[in-house]
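Below are the structure tokens for one structure; questions will follow.
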């Protein structure tokens, strides 16, 4: 088992952990955090697959590595929009919950 | 790929998982966010171990740094609301079911990781044989700016739309105004002093990281993040105010990157017979011409995404 | 550098570049120019859409373009087959209609920029570009970026009015959408790890039934279902679609939810056409059936018009997924499964027109009355007859009554169900039609009743806006006149599926 | 010659690691924020300084050495500022801001 497989397994575990957080945490901010953990796990899977594809003198397959960079930026945009929505909601209602009547 | 992982790797993997568990399990949201920042920094080390020197700084700067800062700020502002109401907390059965489901997902993914074919399929040789046509030395930059340039182009638009979305949350009476609260420089404080010292250094580093991206690890996203961080620091220290969102120069700065990208892409029809194709002799020059405004635009978008929607009216 | 672009392939680039650069320009110029740019881009975009359609129809081949002359797997290809063409033209027509309707709702006073109009016009164009990118994307990661583009353009439209309810709805929508896209991305990386490409055509040649393929397709499908709001992932849809301003609701319900559905179709029929699985298709069909029954029953119990229409969307999305058990056949060449296929796609486009018309009709009614309580609709049929007529025309399609696109679509699903001996789907289709009849009738009966006291309208409703609504509703009706058989256009680029007999 | 340099490196880096360890223990064990900060700055300043010093004995060119020193100086600057900011909020009555 090389380090690619090791971190691939780590990514698999992270996806499950994040998914659990996303389901059980009622607070939106914790859901956003959990979403970022899943993202980390998915990107690690990309990284593991890139590392497995090391060839032609490159330490890893550059295509999945580049996709991760794109993915990280997209995940950040998502987080920024979600946080802004949440803060605005808090400003409007004094609460930060997804329950309409809460 | 049959070599054993180092003890370092095993330790690092467990550390990553441990911090992730903390992030999910911590009772206090602020603590969870701190855990997440640590998680991002550890992932940076993982990327270095996975021979992805281009991803590592992106993770550190954006995945951990800017995202972490954003979440820390949010958790401070939401302080006191982060204990779930009695009716909101999921019951034990739901939690057990969720745990079971997530274990199945993780186990399935782990099995697939172990089942992946040998030898691994890879595009590295193709990326290597074609890189001379791009004039670049860094294969990851070649993917981002040539082979899959359309992804990068649309990604800058994604960032821009996220910013429009954030701006759309402003109350109508402050539309066109300034994002976030105004920070005033504290004359006795260390922060303005540090900002004055650090911002020039940071700008230099950001430009360097961007510039070196064509031949070595680095590139526009990493460079832009550092530039954005310097701007945010200057805003927080009160050295400069955030720009009003109705300023024409700001709007121009924001769209300059994607606009130049589109323009050179369309010029590709005439120059090289296809959208986003570069004639070999000028490939590097054209790519750099795209990267400069893209870096500036991304830096502006990142800084303004952190600054948030307009909160103060123009007058 | 090899170049596999077909003649006219540059049109595909224009389909994305035109709306997206329009959005950029709207943002830079701001103020009154945002609307002007949008109104200029619309006819141009419609021309491009029709041009793509005519090239594909004339040549009977898939229109293809490799960006930057880099062929897949290293590069990214755009492709337009018959299905893409149908969706692109639908999107173009609807966007133009919605844009014409929205002018009165998002005006910009002279010399001043308003938040809602800048955001609306910019994002309208962005949604269009993102939809086109989804419809012609030939690469799974490119499609991920396109989906995110669509999400970020769509979510702010929900909370344009800034009320707490719509902010909550928008946040919930965003969280579901993000959950969906991360699962989609997870599936995509598994495909790359196993086959070394993200290109749909290359994948379809390399893929074989096995744990990796199944895990990837399940994750991606689950993620897309969350985005398409298929039962039980529908929770986010009603508050978001009902809370948005009427033109935004029309975009969201008519077009945006169709994008993830479109991608599920791509995955099942293009990425893995040779790996059919009846059991999984039955699961999708069951969820669809549950959506039809649940959505329709809940729609019947709504007190507010826009919520009723939103729950009806939940139900109508269910019909789309009935095509999977009916069209996924281990033995290809069965002509009825191609009928189901055509029926499913036709349902997507006729619902798009019908639902957009109904949401905008509801918007006009709410503007005129100052509320959208169904109990208080009495007399509106007399005050706004054209609008209520348009609502009724849209309702025909939802019920599946002739003449309407919904009728042809549902008839094809029915015949396929009966011919394949899967009669239980036929029962669901018929029950759903009856329930839809119930909630449409509920609204019309109220609207056409005489008011106890003369109705005073809060604001006059311009005839031109009503005309747009009727025009879109008539599009849904006109679709009812296409022949009741598998469509040839839809099968361009789909050689595996025979069209009723030898070709 | 290189052996002597290696020994120097090992000694300095080990000493640096010791300060990091001590700082971490202090962070975990000290009772209040101010003394925790005190412990932390020791790890940052001294620990990192010694590690950098140790690495300087492994000659990799002038440029690399300058980079290492710059890293240390920047960390000092950031550490000092952040510590001051945290200390201000942590000080009794200093949390209003």
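Going by the order they are written in, the chains are A, B, C and D; count residues from 1 in each one.
FYI, a residue touches a chain if its C-beta (ideal position, glycine included) is under 8 Å from a C-beta of that chain, and two chains touch if they have at least 3 such contacts.
Being a predicted model, the structure only gives us computed values, none of them experimental.
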Which chain's mean C-alpha position is the greatest distance from chain D's? C
Which two chains meet at the most C-beta pairs? A-B
Could you put a whole-Å number on the gap between the CA centroids of chain B and chain C? 31
CA centroid of chain A to CA centroid of chain B, Å: 12
If you average the Cα atoms of chain A and of chain C to get two centres, how far apart are those centres in Å? 28
For chain A, which residues are shared contacts with two or more other chains? 15, 32, 45, 48-49, 52-53, 63, 67, 70, 74, 77-78, 81, 85-86, 88
Residues in chain C with touches to at least two other chains are numbered 74, 141, 145, 148, 152, 155-156, 159, 162, 167, 186, 190, 192-193, 196
Mind pulling the residue numbers of chain D that touch at least two other chains? none
Sort out which chains touch which and give me every pair. A-B, A-C, B-C, B-D
Spell out the part of chain C that touches chain B in their complex, as residue ranges. 1, 3, 5, 10, 13, 17, 20-21, 23-25, 27-28, 30, 65-70, 73-76, 113-116, 119, 122-123, 126, 129, 133, 141-142, 145-146, 148-149, 152-153, 155-156, 159-160, 162, 167, 186, 190, 192-197, 211-212, 215
Within the complex, chain D is touched by chain B residues 189-191, 193-194, 197-198, 201
Residue ranges of chain A touching chain B (in the complex, touch as defined): 1-21, 23-27, 29-30, 32-34, 36-37, 40, 43-45, 47-63, 65-70, 72-81, 83-88, 90, 94-97, 99, 102
Seen from chain B, its contact residues with chain A in the complex are 1-6, 9-10, 13, 16-17, 20-21, 23-24, 29, 32-33, 36, 39-40, 43, 46-47, 49-55, 58-59, 62-63, 66-67, 70-71, 74-75, 77-78, 81-82, 84-85, 87-90, 94-95, 98-99, 101-103, 105-107, 109-110, 112-114, 116, 120-125, 127-129, 139-140, 142-144, 147-148, 151-152, 155, 158-159, 161-163, 165-166, 169, 219, 221, 298, 302, 305-306, 308-309
Of all residues in chain A, which touch chain C in the complex? 15, 22, 28, 31-32, 35, 38-39, 42, 45-46, 48-49, 52-53, 63-64, 67, 70-71, 74, 77-78, 81-82, 85-86, 88-89, 92-93, 98, 100
